[in-house]
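There are two complexes below, and they share chain A, which is joined by chain B in the first and by chain C in the second.
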Partner chain A sequence: MSATTPFTAGRVGRRRLATRQRLGLGLLGLLLAIAWLTPWLHDADPARQQLTRILELPTLATPLGTDHLGRDLLARTAAALRLSLGMALLSVVSAAVPGILLGVIAGWRGGWVDRVLGSLADACLALPGLLLVLLLVAIAPGNFWALYVGIALVLWIEYFRVVRARTRVLVASPQLEASRLLGFGPGYLFRRHLWPELAPQVLTLAAFGAASAILAMAALGFVSVGLRPPTAELGLMMTELLPYYHEAPWAMAQPILVLCLLVLSLNLLAGRDPR
Partner chain B sequence: MSDRLLQATNLSIHGEGVSIAPIAFTLARGGRLTLLGETGSGKSLVAQAIMGILPIGLGASGELVIEGRGYAAADGASRRALWGRRLALLPQEPWHALDPTMASGAQVAESHRFLGGLGRRRAREAALGDLAGLGLEGADRRLPGELSGGMAQRVAFAAASAGGAPLVIADEPTKGLDAPRRDAVVRLLAATPERGGALLTITHDIEVARRLGGEVILLRRGRVVERGPAEQLLSAPRSDYARRLLDAEPARWPAPPPPNTTGEPIVEASGLAKWRGGRELFRDLDLRLKPGEIVGVVGPSGCGKSTLGDLLLGLTALDAGEVKRAPGHRLAFQKLYQDPPAAFSPHWTLARLLEDLVRRHRLDRAAIAPLMTRLGLDRALLERRPGEISGGELQRFAILRVLLMEPRFLFADEPTSRLDPITQRDTLALLVQLARERHCAVMLVSHDPALIERVCDRRLVLGGEEAALASESLDAQAV
Partner chain C sequence: MDAVTSRRFPALSGGLGGVLLPRLFQAGLVAWLVGTLTFVLTRTLPGDMAYRIAAGRYGHDMVNSAAAEAVRVELALDQPALLAYLNWLGDLLRLDLGNSLVSGEPVLHELSHQLGHSLGLAMVAVLLSLLLGPPLGLAAGLRPGGVLDRASEGLASLLRALPPFALGLLLILLFSVSLGWLPAAGHGRVAHFVLPALTLALALAAVSSRVARNAMVEVSGSAYYAFSRTKGLGERLSFLRHGLRNAAVPIVAYLGVQFVYLIEGVVVVETLFAWPGIGHSLVHAIVARDVPMIQGTALVMGLMFVALNTGVDLLCHGLDPRRRQS
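And now, the complex of A and B:
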C-alpha cells in the first residue's frame, strides 16, 4: 500500500550477503577444501582393501580410521564428497539451463507454446520425483548417467515455473515495451531486463536444488539402487557401515555428518534474509 | 462526547532517511483538513502514523487524541480496535487494497456485516445500495481485476466507509482519476463532514483541496510550509513556494503558441474500432496527425486512451479499420510512459542504458550533450540508477532517449501525471517545444482537461458507457 514511501530512494541490486548466507558459504568452502585437498595431502586409494586392518580407530596413518574392509575412511569420505558435489553441480546446471530456457520461451511467446510446455511440466510433476528416478534406475541399473538424467528431469520444472511466471509479468511491462520500441532485440531484453530479475530467484533455486540432488543420490545409494560398490558414495557408505555401528560408531558417523553439513551449507546459502 | 474527533500534537515521523517535522492539527465534527504537497513530501506517512501502520523502519512520536481518548503515536497497535468503526482509511491504490479473488459487492457487504453488525441478507442489500449510489450498478459481481481504476476506487470507498466511521482519512483519493470522476469522489468525501464526521484528505491536487475547503496544510519535504483556510491559502498564498505551486496549475499556464503544422500526415487512421472485454471502446474513429502537431486525448478512465495510442504505434492489433504510418523507420514511432520508473530496468545506470542505445543505433554522441543541457539533465545523474533520481528527472531522461531516435510520432501516455505541478509544467513545456522544433507529432493523454486545453492544438474526446458520471458529452468524436 505504501507504494510511494517518500525519501527512501530504493537501492536496487547490489544485495549484500546475509550472515547466514556467509555462514553457508564458509561451510561449503570448508567441505570443498576437504574434498579436493585430501588426495593431495593424504595419499590413499579409497577402494584399496586391507582385510587385516578392518574397523580401526583413527591413527596417524589413517586419520579417520578404516571401514569393514580395511579401506581408508578419510580417502573414502573425501571421494564421496567429491562425487556428491560434482553430481550436484552437474544436475543443477543441467536442470537450470533447460528450465530457464524453456521458461523464458513459454513466458515470452505465450499462447500454444506456453500451453504445450506447461503441460509437459505438469506431466513431469504428476510423477513423484524420486519415483521417476527409481524408474530410470530400474531401466539402467547402477548407471551414473541414468541417475543424473533422472534427477535433472525432476529438477528442471521448478526453474521453468519460476522463470515463466516472472517472464510473463516482465514481458507485459512498460520497461520491455519501451526497450522494444527503441529497437532492442531479444538478446538485449534478456540481458538487461529479464536476467537481473531472474538471477536471485534462480540462484536460490540452484542452492536448494543442489541440496535435494545430493539427498536424492544418497537416498538411492542407501536403498541400494543408486551407484554400485565399491564406489565411495555417501548413501552407500551408510548402508555398508550400518551393520558395524556398534563396533565402530565413528565410521558410520562420517558419511552422516558430511551429508548433514553439506545440505545445511547449501540451505543456509539459499535461504534469504526474511527482510 | 467531545466535539473534537481528532487532535494531533507534536506528531512527527522519523526513520530511514525520513523526517517529518512535528505538526499539530485539530479536527472537529464537520471539520475538513487537507494535507497538500508534492509527491515525496511525506503526506501519506501522516495518514499511516495516525492509523498506526507505518512501514517497518519508521517510527512516530507525539500524541493523538481520538474522540477524547489519548493515544501515543508511537504505539501503532493501540488504534487497531478503531479501524473501520471509528477511523477509516481510504488507501492510495485501491486495486491493491481490494481482495482480487472476491466480488466487489461481497467486499462491501463484509464491512456491513462484520463492522455494522447487519445480517447476511441486509448487509448484501446495503452493499448493493452503496454501489448503486456510487454509480456502480451491476459491478457487484465483478472482481476488482475487472474494474477500471476509477471503479475500484469507488468500491474501496464503499467498503471503507460501510463501517460508518466518523473519522475518514483519504490518502490521495483522486490519484489517476479524470476530472469528472475526481469531482464525484470529492463530493463523496465531502459527505462525511456533512454527516457530522470529520475528513482528513491527503492530496497533491490543488483543485481537490480547493473543492473540499476547510483547513489546508501545505507540506514540502516533510516541513509545513504554510497553513490556513483553503480559500485564503489557495487564493492569496503568503509563502513563495505556495505561490509557485499555484502558478503551476494548468489553468494558469500561458496560452499555447499557434500551431505551425505543415506537410503530409505522419499517422492516418480511418474507421478504427477496438473491443475490450466484450465492450466497444470506440468505433469509426478517423484521425490524422501532422508533423509538429500536439493532439490531446481526454476521456474517462478505462475509455481506451492508452489503447488508441498502442494501435497507432502498432503495439496492439486492430479490430477494424486501418492505420497508415508515414513511410520511414519504424523506430520513429515512440512512446512516453505514465510511471517513469516502470519504463526502465532498475538494475543499470542511466549511462549504461544510454550507451546501449548509442551502440545499438550508432548514434552521434555529440548530439547527446546539448540535448541533455536543453532538458536540464546534469551529467552526474548518468551515474545513478532509475530508482535513484526523481520522477521528473527520469521522465526527462526518457524524453532524451526518445528524442535521440528522431521520432516522427510520439505517444505520451499521461507523461506528467505522477509529477508534482511545478515539474509537470516545466516538463510538458519542454516536450512541446522540442516536438515542435523537430516536427514530431505528439499525442498527449491526460486526465486534466485544463492541461490539454493549454498545451494542445486539437482535442480528441473518447467516451463509453462509463461516461455516465461525466458532465460533458463524451461520444467518440474527432474535434
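And now, the complex of A and C:
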C-alpha cells in the first residue's frame, strides 16, 4: 500500500499531486464553478414551469434548452450539481470525523475498546450499503436527512478500518514511543505523528466516499425512492427525461454527462485503483 | 469479526469453522437488522397499519372500521411497542413473513419466484464479468505500462464513472433503440438476459480487470516468478503454473467486495430493465409501502449477500494454503 501513496509526500507540509489527480482537481473545479456561478450569471428558477416552451433546443435565454415541463435545464443541472456536491461534502465530513476519531481510539487503546468498535463497524457492514440506505429511506420517504444519515452510516466504516490499522502500526513505532516518554499529550502526538501519516489515505477515501455518496443518491433518485420531484436531482432528472430521449436527446444527455464527469473527477482525484 | 471469533473459539480458527462461524453470525445480524428496521417502519408510517392490511386483504372497496378492527385484534397491532417488537422478531424467527399488502399473496411464495430470476441474472453477470475482466487484466499486467495496460486503464476509469443505470440506459439506446438488436426490457427469452447482464458485468469487470492487473504485476515481480523463469520454464508454463493461481487469490477475494456492488446494481438494473427479480420488487414495495414485502425482499437480499460471501471465503480457503495454516 505504501508503495503507491496517492499524495506523494515531499517535504513536510508540501505535497505533490500526480498528473491524473491534477486532471481530476481541474475537472472538479470546473464543475464547482458551473454549479455555483450559474445562479449569478443566469437568473432562472429551476422549478419554474413554462408549458408553452417544452423540450426546446438551446437558445440564448435558455443556454441548455428546456425539459418536458419547460423548466430551464441549465438552472436545473446546476441546482442538481449543487445538491450532489453538497450531499457529498456533508456525508464525507460526517463520516470521516467519527471514522477517524474512533479508528484512532480503537487502534491506540486496543483490547476491549477495539473489539467493541470493530464489532460495531462489522454490524454496519452486515447489510450491503445501498440496502441499508434503502431501508432507512423507506422509513422517511423523500427525506434528504434520512438519505444523508444512511450514506454517512455506510461511509464511516472505511475511515475507521484504514485509520485503525495504520494507527496500530504507528503507536508501536519508536518515534511515537519517544514522544510519549517525553511527556507530550495525545493532542500533540496525533498532530505530529499520526495525522501526517494518515492524511493521504484519508484524502483518497474522502474522494472515493464522495463519489459513492453521489452515486447512491442518484441511484435512489433514478428508481424513484430517493428525493421527490420537483427537486432537481441528477438521477431523478434522468428518469424524468427518459421518455423524451427521442425528441430531446440533448436534454437526457445532460444529467448523465454531468454525473459521469463528477464521478470521474473524484475517481481521478483519489488517484489510485481500488484495492 | 474474524479476529474476534478466532480469539473466542480457538479450536475452530484455522479450520472451516473459522470461515463459517463469522458468516453465520453475520446472517443472524442481517435478519435482526432487517427485522428491526421494518418494525420501525410499521410504527412510523403515516396512516393506520390495520386499515392498510385490511385493504390489502379484502380490497380497497371492502374495508370498513369493523374489518380494520378485526385485523388489529388478530395481528395484535394494538400491543405496546416492546411486546409488538418481540412478536415481530418471533414471526421472523419462524420465517412467518406474512402476506404482501398489495397482492395478498404470502411473501415467501412471491420471493421464491423472484429469487430465481435475480440469482439467474446475478450469476450470468458474474460469469460474464469473469470472462471479460480478469483475462484482460492479466494480459495487461504481463506488460505494465504497455498499450493494452493503458487502454484498459482508460476504459476501466470511464466505466467506473458510469453508474449502472446510466450504463444500462446507454446500452438500451444503442442496442435496442438505434440498432434494434435486443429487447430493451422484460424477460423470458435468452435475448432478454443480454443487456441487464452486460450492464452489471461491464461495471464489475471494470474493477476486477484492474485488480487482476495489479495482482499480476505483483506476482511477476516476485522472487518465485523470477526463479521459475531462471530455472528454464517458458513464459507460458511459468504463467500457468506459478502466475495464475497466485494472481487468482486477490481476484477471488475481491469478488466478495464486488458482491456489495452486485446487490446494489441488481436493485437499479432490475428496475431499469423491468426484470421480475428481488431488487425490482424491493423498489416496488418501498414505493407502495408494502411493509411485509420490504422485509422479505431486504431479508433475502441481505442473506444472499452473506451466502455469496461465504462462498468466496470457502474458495479463498481452498485456493490459498497459507490461510489454512495461520
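By our rule, the second predicted complex is superposed on the first by the 256 of 275 C-alpha atoms of A that agree within 3 Å, B and C clash if a C-alpha of one lies under 4 Å from a C-alpha of the other, contacts with A are read in each partner's own complex, and residues count from 1 in each chain.
Everything below uses one rule, namely that contacts are C-beta pairs under 8 Å (C-beta built on N, C-alpha and C of every residue); 3 or more make two chains touch, one makes a residue touch a chain.
These numbers come from a predicted model, not from an experiment.
In the superposed model, A:113 lies in contact with neither chain B nor chain C. Contacts of A:203 after superposition on the shared chain: neither chain B nor chain C is touched.
In the superposed model, A:177 makes contact with chain B only, not with chain C. Touch criterion met: A:188 reaches chain B, while chain C stays clear of it. Applying the stated contact rule after C-alpha superposition, one finds that A:256 touches chain C and leaves chain B untouched.
When the two complexes are overlaid, the chain among chain B and chain C that reaches more residues of chain A is C.
In the superposition on chain A, A:25 contacts neither chain B nor chain C.
For the contact definition in use here, the chain B contact set and the chain C contact set of chain A share no residue. On chain C, the positions that touch chain A within their shared complex are 1, 3-4, 26, 29-30, 33-34, 37-38, 40-41, 44, 157-158, 160-166, 169-170, 173, 177, 207, 210-211, 214, 254, 259-260, 263-264, 267-268, 271-272, 282-283, 286-287, 289, 294, 298, 301-302, 305-306. Interface of chain B with chain A (complex): residues 16-18, 39-42, 44-45, 48, 53, 55, 91-93, 96-97, 222, 313, 315, 331, 333-335, 337, 339, 342-348, 353, 356-357, 360-361, 385, 387-388, 398, 401-402, 405.
Interface residues of chain A facing chain B in the complex, by the touch rule stated above, are 1-13, 173-175, 177-179, 181-184, 188, 192-193, 196-197. By the touch rule above, chain A contacts chain C in their complex via residues 115, 118-119, 122-123, 126-132, 134-141, 215, 218-219, 222-225, 235, 238, 242, 245-246, 256, 259-261, 263-264, 267-268, 273-275.
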